[in-house]
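Chain lettering (A, B, C and D) follows the sequence in which the chains are written, and residue indices restart at 1 in each chain.
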Amino acid sequence: MSEGSVPNGTLTGTARVEAFSDGVMAIVITLLVLNLQVPEHEPGHLLRALGHIWPVYLAYLASFTTIGVVWMNHHTFFGRLRRIDHVLRWWNLMLLLGVSLVPFPTIVVADNLVHGSRRDAQVAVALYGIVGVAMTLPWAPMWRQLEKRPEMLVPGLGPDYARRERWRAWPGILVYTVTIGIGFLSPVTALVLYLLVSTFYGISTKGWSSPTGTDPDEE
Amino acid sequence: MSEGSVPNGTLTGTARVEAFSDGVMAIVITLLVLNLQVPEHEPGHLLRALGHIWPVYLAYLASFTTIGVVWMNHHTFFGRLRRIDHVLRWWNLMLLLGVSLVPFPTIVVADNLVHGSRRDAQVAVALYGIVGVAMTLPWAPMWRQLEKRPEMLVPGLGPDYARRERWRAWPGILVYTVTIGIGFLSPVTALVLYLLVSTFYGISTKGWSSPTGTDPDEE
Amino acid sequence: MSEGSVPNGTLTGTARVEAFSDGVMAIVITLLVLNLQVPEHEPGHLLRALGHIWPVYLAYLASFTTIGVVWMNHHTFFGRLRRIDHVLRWWNLMLLLGVSLVPFPTIVVADNLVHGSRRDAQVAVALYGIVGVAMTLPWAPMWRQLEKRPEMLVPGLGPDYARRERWRAWPGILVYTVTIGIGFLSPVTALVLYLLVSTFYGISTKGWSSPTGTDPDEE
Amino acid sequence: MSEGSVPNGTLTGTARVEAFSDGVMAIVITLLVLNLQVPEHEPGHLLRALGHIWPVYLAYLASFTTIGVVWMNHHTFFGRLRRIDHVLRWWNLMLLLGVSLVPFPTIVVADNLVHGSRRDAQVAVALYGIVGVAMTLPWAPMWRQLEKRPEMLVPGLGPDYARRERWRAWPGILVYTVTIGIGFLSPVTALVLYLLVSTFYGISTKGWSSPTGTDPDEE
């Protein structure tokens, strides 16, 4: 593979990284629909067949809102950046890896709530939680990198801001880990929790007030 | 999930929201082609097999033009905006949820017009109509939010404009609801109606004249 | 469906139309890979199985280069535009309809060259040609609309330019129509012709010199 | 196909070429998840079934990081360009052809490590290597074209820079070729090598220092 000569320390603009990330997230969120398949059914029993696969819809909603909320957070994160270095670009790719895996546990969960044994449903929910952790963890090193190189932040934001934000990755990681445990008691409850948590995150998104009192997104 | 600190009241630019929405709609409109599958057939009978699945083409056309017209409306809507708040971003995500579901009812309708019983075809058309409503409804709260915060509109447009536009979501909702009913009499007619309605919307798109007499899109 | 109030005569910027079109074409060109499927085979016979499906690769290459060349032409076309009206937006959508259909005839052709009877292969090549015409025809009304409203062109280009360019859609339409005929004599030859024609178009792309002597793309 | 009139020598901006390339690469990297399929299994044996397909995950990771690193290189490459000519556009399309093929050898490798005979696994790894070469080779003519027309480079970079960079395509080509050979000894080792090589490229990416001492990406 040919290699460019950007040293690690070099900063570049964020436009293409955002465009690529938007692309990946837009595709993942849309590919989820391929998991919705017309179930086999006797003639005249389409309605019942459509009702039978209700966990598929629930899993679809949970994954759609989760990816949607990740996108909103990504949007906010990059709204804070002026420039980006290679380390951040690499962790962003790891974040996209986690996000782009989502359709896999989504269909595994849905299938095994419909057809599987209880034990399979537990395994499926755990797999979902692991992917959930995988798309939450990269936020921590991303914020830490901003703490180390605050010159990537927009003017008015400094290392203190990045340090404070870094802690906010942990509730998400915690939620996914706890929900894996809940999934062993009740897989459906765990799935509903995933849906509620991401909806809550998405609707509230108030967060910490910005350090300078004025929001850097404000034009 | 890590959270940014944009308070609900904070306005941000629209560029990335448009890019993400464009991405989702471009992918959905293109994924429809995966519904076109080579039907099983005896050697030498490809032509007949291709003809046999005509409802698949009809459903493809109806869904393609519908999503295309939603995209045009989205384009127009965001052409009126300078900035966007969190509520609008959330409803936009709900709109994308409706749009990204389209391939599912499309294939269900097509399959059940080809293979299903009459009752299944009615159920399928109703499912299509429900998704149609799901991608029409979000326009109402989107306009209402603009009415409440007209500072998101481009200069020259105010709350009166948003209020007037809000009513325009309802014909679409009505059409989809009525067509669900028609689908119980004749599923094919309902599908043709979906196609005609979106073609009509797409070609005419004259709409109300803009309030100031000059169109805000005009540069 | 909610409707914006852009009258037909209103011109808007081209950025989002280009982004949406780029999205659709990028997706279609990439979805083609889903047609490449591991053929069923006896253990130890993967190599033979991969060789057996050579028409699939040929069809892949023909469709990939065709869409790539359409994208290049689209790029050139929109490089000539300052603004766009509703009629042009609509024909652009029809062009994208033709383009996004390509994976369907691609797999039909490939499958029927591998497994089908001679008659099926002819039908498949004809289907391919029809889609080829569908993505060539819209260029004619697109140029005609520019002829009618030359104010959409970049400064220095006028109706004469658009009229001259309009004629260039016809060789493509002709090629696809003639190749449908050739497909009845030899389906593989027709497929190779599709590949050669689009490669030729893509590599040469010299075209008519621009009317003013200086190329409007030149910055 | 209608043709624009850009002569080969004409230079245009790079924005749309980057957007289209970003789109294709974002889609390919995301489509890989479709290769992750719930394996058939007895009720209660989901965990074992998920474990059984470990080569699928390995192949997923190898391909994801490979495409991610190609994207980073593409990002760097285009960061060096001010303008682009038709030859470069065409080779860029050939590069995208190589990239968009990746899901095919990925699934062939994964499937044949899981189910195939040793001989099939060797064939599959060779196929993977061939596609690897296909997405490495185009970098050489792309740099050569910059050497011939250095006016496409950003100010401060000249033909010497392009000549030096051109040689950097060859290690990648060599790695893929050598790994094809290793695949005949141990297919899994070859796959792990693909993963390690792209991870190494992606994390280090120090590369040659830029010729002028200051990095052209630096704003």
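FYI, a residue touches a chain if its C-beta (ideal position, glycine included) is under 8 Å from a C-beta of that chain, and two chains touch if they have at least 3 such contacts.
Note that the coordinates shown come from a computational prediction; the quantities given were computed from them, not determined experimentally.
Student: What chains touch subunit A and also subunit C?
Tutor: Of all the chains present, those in contact with both subunit A and subunit C are B, D.
Student: Do the two copies subunit B and subunit C share over half of their interface residue numbers, or under half; same or different?
Tutor: Different; most numbers are used by only one of subunit B and subunit C.
Student: Can you tell me the C-alpha superposition angle of subunit A onto subunit D, nearest 5°?
Tutor: That pair's rotation angle lands at 90 degrees.
Student: With centres defined as the mean of C-alpha atoms, identify the chain lying farthest from subunit A.
Tutor: That would be chain C.
Student: What's the distance between the Cα centroids of subunit A and subunit B, rounded to whole Å?
Tutor: Distance between chain centres: 25 Å.
Student: How big is the gap, in whole Å, between where the Cα atoms of subunit B centre and where those of subunit D centre?
Tutor: Those two chain centres are 35 Å apart.
Student: What are the residue numbers in subunit C that touch two or more other chains?
Tutor: Residues 19, 23, 27, 31, 34 of subunit C touch two or more partner chains.
Student: For the complex, which residues does subunit D have touching subunit C?
Tutor: Touch list, subunit D to subunit C: 1-8, 10-13, 16-17, 19-20, 23-24, 26-28, 31, 34, 83, 86, 89-90, 93, 96-97, 100-104, 107-108, 111-112, 116-117, 119-120, 123-124, 127.
Student: Within the complex, which stretch of subunit C touches subunit D?
Tutor: Residue list for subunit C touching subunit D: 18-19, 22-23, 25-27, 29-34, 36, 38, 41, 43-47, 50, 64-66, 68-73, 75-80, 135-136, 139-140, 143, 165, 168-169, 171-172, 175, 197-198, 201-203, 205-210, 215, 217-219.
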